[in-house]
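Here's a structure for you.
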Amino acid sequence: MVGMTVIQTPADWRTDQDPGGLVQRYDDVRGHTERLAAPLSPEDQTVQSMADVSPTKWHRAHVTWFFETFLLAEHESGFAPFQDQYWFLFNSYYETLGPRYSRPDRGLITRPGVHEVGDYRANVDDRVRDLIARLDDGTLAALAPTIELGFHHEQQHQELLLMDIKHVLSRNPLQPVYAGAPPPRSEPDALGWVDVEGGLVEIGHDPTTQGFCFDNELPRHRQWLEPYRLADRLVTNGEWLAFVADGGYRRHELWLSDGWSRVNAEGWTAPLYWSEVDGVWFEHTLHGTWPVDPGAPVCHVSFYEAEAFATWAGKRLPSEGEWEHAVVSTGLSSTGAPAGGAYHPRAAGPATGGLRQVHGECWEWTSSAYHPYPGFHPPPGAIGEYNGKFMSNQMVLRGGCALTSPGHARTTYRNFFPHAARWALSGVRLADGGAPR
Amino acid sequence: MVGMTVIQTPADWRTDQDPGGLVQRYDDVRGHTERLAAPLSPEDQTVQSMADVSPTKWHRAHVTWFFETFLLAEHESGFAPFQDQYWFLFNSYYETLGPRYSRPDRGLITRPGVHEVGDYRANVDDRVRDLIARLDDGTLAALAPTIELGFHHEQQHQELLLMDIKHVLSRNPLQPVYAGAPPPRSEPDALGWVDVEGGLVEIGHDPTTQGFCFDNELPRHRQWLEPYRLADRLVTNGEWLAFVADGGYRRHELWLSDGWSRVNAEGWTAPLYWSEVDGVWFEHTLHGTWPVDPGAPVCHVSFYEAEAFATWAGKRLPSEGEWEHAVVSTGLSSTGAPAGGAYHPRAAGPATGGLRQVHGECWEWTSSAYHPYPGFHPPPGAIGEYNGKFMSNQMVLRGGCALTSPGHARTTYRNFFPHAARWALSGVRLADGGAPR
Amino acid sequence: MVGMTVIQTPADWRTDQDPGGLVQRYDDVRGHTERLAAPLSPEDQTVQSMADVSPTKWHRAHVTWFFETFLLAEHESGFAPFQDQYWFLFNSYYETLGPRYSRPDRGLITRPGVHEVGDYRANVDDRVRDLIARLDDGTLAALAPTIELGFHHEQQHQELLLMDIKHVLSRNPLQPVYAGAPPPRSEPDALGWVDVEGGLVEIGHDPTTQGFCFDNELPRHRQWLEPYRLADRLVTNGEWLAFVADGGYRRHELWLSDGWSRVNAEGWTAPLYWSEVDGVWFEHTLHGTWPVDPGAPVCHVSFYEAEAFATWAGKRLPSEGEWEHAVVSTGLSSTGAPAGGAYHPRAAGPATGGLRQVHGECWEWTSSAYHPYPGFHPPPGAIGEYNGKFMSNQMVLRGGCALTSPGHARTTYRNFFPHAARWALSGVRLADGGAPR
Amino acid sequence: MVGMTVIQTPADWRTDQDPGGLVQRYDDVRGHTERLAAPLSPEDQTVQSMADVSPTKWHRAHVTWFFETFLLAEHESGFAPFQDQYWFLFNSYYETLGPRYSRPDRGLITRPGVHEVGDYRANVDDRVRDLIARLDDGTLAALAPTIELGFHHEQQHQELLLMDIKHVLSRNPLQPVYAGAPPPRSEPDALGWVDVEGGLVEIGHDPTTQGFCFDNELPRHRQWLEPYRLADRLVTNGEWLAFVADGGYRRHELWLSDGWSRVNAEGWTAPLYWSEVDGVWFEHTLHGTWPVDPGAPVCHVSFYEAEAFATWAGKRLPSEGEWEHAVVSTGLSSTGAPAGGAYHPRAAGPATGGLRQVHGECWEWTSSAYHPYPGFHPPPGAIGEYNGKFMSNQMVLRGGCALTSPGHARTTYRNFFPHAARWALSGVRLADGGAPR
């Protein structure tokens, strides 16, 4: 393991440094992954339905590899890898760590099977707990950011695991179900607007709060915003059905040129996972296939669709700065309360005068390209590849979704996907105003 | 099941019409499939490593679907399918039977899992046994050809199951092993030649023998052969190593133009499954990865490679007529004895003066395009799609291989693969002479 | 020009060895190429509309390169190439002669332009005439086969030049016309049949005739044919319209599997160059776009279409042996009279009791794969690449077509194209019988 | 021509409304196109070397179509198109105007040839002059913006014509030359920096200046900039050679992930048009192929390369706001002086304390995605497709280049290309600072 670089973290990353508390959180996060995988058979956990998707057992192994590589390999005395080839098989994209197994071929690896992956997880868990127990306070303080990053990394993969298996199951004409019944059907709700003053505002993670953030949320910086307003809830399926009925997917003038090419090349006529049977639209969910619920937020739309819908509605998408400033300035807590038990976005609750559905339903497309904040520098070493190298050809999404793990969402959190991606649980919040006076 | 066509068989297909014997053979064939699948985990049985390969559990289900579709659906009173969607999922290529699931996506289907496929098999087995027991003699005589075809169909898939899982396991850097140790290493053996007179010969299945054949082995017809000779054994790995060392894969003048394009486009430098480590060639087998055995027959070469090798050796490939006539005229039994227990071709036994390794080691590429015999007509209905529609862009292979099921090989048997296919267990027998005097 | 190999010709190639006659024929052949190119603008002569097509000016330069490379470079004292880079640019596919310019990019080369290509042709012409004038009788006798091959090579490219420019012009919505009015419209004509005895027949070029042939027409060899019969004329457009109207392009059961895939992937609904406007079928020809003539032979159909049509008609395609033997045994002259002035196949003349439209209308698909004759060996050196290396994945066509140069067709001539090729001027003659009795 | 929409222009577009002056400018702009095409043969003008490139004669026809469509079709009494099919052939991308000829196939159209395109140009020119002469003042004032847009549109295509033919000629191993000798070789020059204060600045076209702009330069709006500095000249070939020598194209850590994929997939080792012969780097230019000039600006690099270079240099690319504000605030005139006579960027002149090479050498990549300005709305009708629909997946470039037509560049001008594009004449200016304090 020569040449491994210690993770450098920004000065403002702080984390729990109590060994007992750390182990407790470790067990919570790790256990959550296993609970999510539990309903899935070995066959389910093996398949990769497209290049963007990874098999469940690959997720389970990769997050384990992350702890083994960035924590144990650096700090365990007498470290030896659990299995030499796992180093190669379960590296996701870290060029710094040498050659790795081809991403689009992850679904070809039948072994290790789900049980051997379980053994791998158990082995690393024991060794991590053991390492934490042995560390002196100073070393623990130095390693805590790496462990904390491992938690958030695993939570990201928990969300991906669910998005990915949703896609896998969607390819099966037998319409398999991951979990029990979906949220109850709902009634459409009037759309309200929240006005925001704007001005010279600060965007990005606030170091004085001392909470965790990814490097791409830094540095905090100033940005000028003209007055604007945001919709107080997400666009609903009912509204999307009106867009479809009005020829939304057939009118070129609503679309960006690249989006229109996709519509035609891939035959889009509705969000991913929608299908029409005898004039009724159905939606594949992790709870089975059900008629589309008009009151629930539309999800699994691409940036192109979100943008075309906004054009059709005579509105626009918010910038990520507008989104973040609106959430902060209207006094919402920085971490939302994700859905309990349901793996699908729910209809908005009653109007509050403020923003609804900020965290916990759908990731919200913004009009902002995923670019570095002014002054951004990735940390040195392999961990510098975590976020920075992906800052092109993608758009920022904000908020969180029904599949986001508890405690993972954050107001300054910058999620990102390519313009045409639809398998993420992505939705739309409209914006208006913001133009020069 | 409206519109299903009764299988039409040539008048010369005969089969066992004793119910007890038929059930016994049914159980033997069906049981053999399950024995082959037994060492494979659910994960192993799910994956499709390329479009040509099918998952193990798909093979197990498809051969079951064949009996359900062509036997039960036609003749079981009150027939209802085991599961409606299986009709769609497990149809391989029968256009006559309606839409079917996309072949290259077979590896995306996680459910039914291996256990549900087992339930499907058990259910159909019970119903077939029951049907046979209830039939009167006349009906049994009418159905026997369909049942017989189901046996041979399942045997074909037994061989494919092994070829396919070999490819799946080959993609895994952990080098998984399907079965115990390989055949013992062997010593190279001198090549002998068998002279054949030729003349106006008869080719194709002989109806007077009353044994089973596929439709593509008919009709028996006359062909003119000039005198020729065949090598008495297959080309060995040792001989192939000499070809490689002599620049066989780098000399354009040895290759057909299409073959040379493949060599360059796919970077071929040796047979599929060979890899060089520190100057030593290793071979992936179902028994693990071992140094190439110079005395064993070369296998997993394409038609292009076989043809280039023959050119390099100053020889040629036999036509399928030459191959068949030589085997018949030199008095070999029409069905060879496949390998027992080993899933890899073995070195030739001592010279006999006749042809060695005719059945049971490697399918042998011929110089013959896979075309219909003069007067060939496929049977009407869905079963007419079994062979006839594939008669273009493929070459005939003869003999059988180490993975062929016991009793399945036959002197008139016409196997076929595209010119560039390498994942079949294909080898080379040289020919000479045969030119006009 | 080190390493150039003298062309080896079979002992039975004979050619004119009178210098004056040779120069006269040289001028005739070379002049014909220029006459064919004359109606084409510089823009027309530059474009490559698909990888199979070559630009007109490339054809004009390549056939010149052939004489420069295989004749002048070997035998001109003090030889220097006209332009060093032309060696690279105008080599078609001779691997032996080193690297060459990428075939699919031939349409990217704007220079040399048409005038510089004209200069190249004039220069080589002068030098060839000069060389012939200086040679003593013995040397001339030795070189005559190479010169003769150059004639036939250039004639092949004359035909290709016309097929290729037809494709180029077809892509233009302005519907450009290459030459004057098409043949007059004709009336459908009854189909007759010609019976042929068969037996042990001889196929291939007869060396005792001493005429020129390509290497792939050798060696002459014996073949067994059961009694059969051939249609006395080609399939007409009128018959093809009936096939289309009967769902020919929509009925899977008529097609080979590979053909059916093409039909669907490429949306075939009629021969290449047909288009339907308000219920009337039109055909793009070198004489402009005209309503399909029901009495003229159908052309620009692939092997797959020819085969599906024959299946629909309850007939089959002839083998190349059947075709050749029928023409020879029914006493037709070995070289047909191609069309004069028309660049499109004409309706058959009145029935004669024998075969009609054998040469000069459409190349006729056979059921024979393009494989070497028994005992075939390509000549050594670069010229050995002329035919032999293409003997896979193609089907043989016999006869000749309206675009074939005068004197180029021959009864033993083996033309060949891939199964799906449609831009050649290919048609269909039906066969029947020939099965074992 | 039913359904054509009058061009809507922003209230702040103003243009010359004197008929004589307008005709004079029309003749100047149109004549410049013909002068650029004059050195090119019919063959040169016909070819499309990749999908992004258009043939010279297509450019000449398309800009003519623009005047015919947006001016004559609307305002000429008794309008009839010059040729019906030209409407289809020479529409570039206006969906509103109906179906159009496939862009990647523009190089397949041999007719109309260069002379017929000349006739088309002459005809439209006459009619435009005639229309202008007949108009009353009010109508002329209403049409002037359309005519003005036609001028700027044609100038854009003049630049593209040169970039495109450069690519066409680059594919030819004969290394054709478009124009005489290149700029003289130069000496490297020290890099200086220009400090800019930033703050709350205004970006975008200033309507009070009344000059022409494209819709994407509007509306002018406020933006916050932290203090920053820009390099006073472009990155030189000499500096790029140091990047190459330091492994710039082999070190993953310098690259965005998408960029690194391109480097490997396309084998980038240097800018487009560079080639190494015996250790010396040469560059294909419109003046022929010459050794790379170390003092001249590097050009034909993609955004990915520009970004990787900046990372290697420890600097970054400027945002488009920084670029524009720096140019304005340091007092440079808004339109630069393009190169006279040379079709290749020249070395910087002596340092001035201010920015050098702002217009007239290379378009400069910025770190800004090509997105709409706040409050942007495209005009209604077909002309609304001019810019707005391309606002995704591209990056903004600023400045102008050696191929930009005189008078076309502008400080607020927003050029844009995809991240991987290299055939535009694109270079790099470094930036530094700008991070939050």
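Chains: A, B, C and D, in written order; residue numbering restarts at 1 for each.
Here is the rule we go by: a contact is a pair of C-beta atoms (placed from the backbone, for glycine too) under 8 Å apart; a residue touches a chain by one contact, two chains touch by 3 or more.
Only a predicted model underlies this, so the values are computations on that prediction, with no experimental measurement involved.
Engineer: Strictly by the touch rule at the top, which chains does subunit A share as contacts with subunit D?
Structural biologist: none
Engineer: On the document's contact criterion, could you list the chains that touch subunit A and likewise touch subunit B?
Structural biologist: Joint contacts: the list comes back empty.
Engineer: Counting in whole Å, what is the centre-to-centre distance of subunit B and subunit D, each centre being its mean C-alpha position?
Structural biologist: Subunit B and subunit D have C-alpha centres separated by 60 Å.
Engineer: So, what's the distance in Å between the C-alpha centres of subunit C and subunit B?
Structural biologist: Distance between chain centres: 38 Å.
Engineer: When the C-alpha atoms of subunit C and subunit D are each averaged to a single point, how far apart are the two points in Å?
Structural biologist: A distance of 47 Å separates the two centres.
Engineer: Could you say which residues in subunit A touch two or more other chains, in rising order?
Structural biologist: There are none in subunit A.
Engineer: Take each protein chain as a node, join two nodes whenever their chains touch, and name the resulting shape: line, ring, star, complete or other.
Structural biologist: Shape of the chain contacts: a ring, since each chain touches exactly two and the loop closes.
Engineer: If I apply the definition of touch given earlier, which pairs of chains qualify?
Structural biologist: Pairwise, the chains that meet the contact rule are A-B, A-D, B-C, C-D.
Engineer: Can you tell me which positions in subunit B touch subunit A when the two form their complex?
Structural biologist: Interface residues on the subunit B side: 41-47, 49, 57, 85, 88-89, 101, 105, 107-114, 168-169, 171-174, 176.
Engineer: Applying the document's contact rule, which stretches of subunit B touch subunit C when the two form their complex?
Structural biologist: 93, 95-96, 200, 219-224, 226, 252-253, 255-260, 303-304, 307, 367, 369, 371, 374-375, 384, 389-393, 419, 434-436
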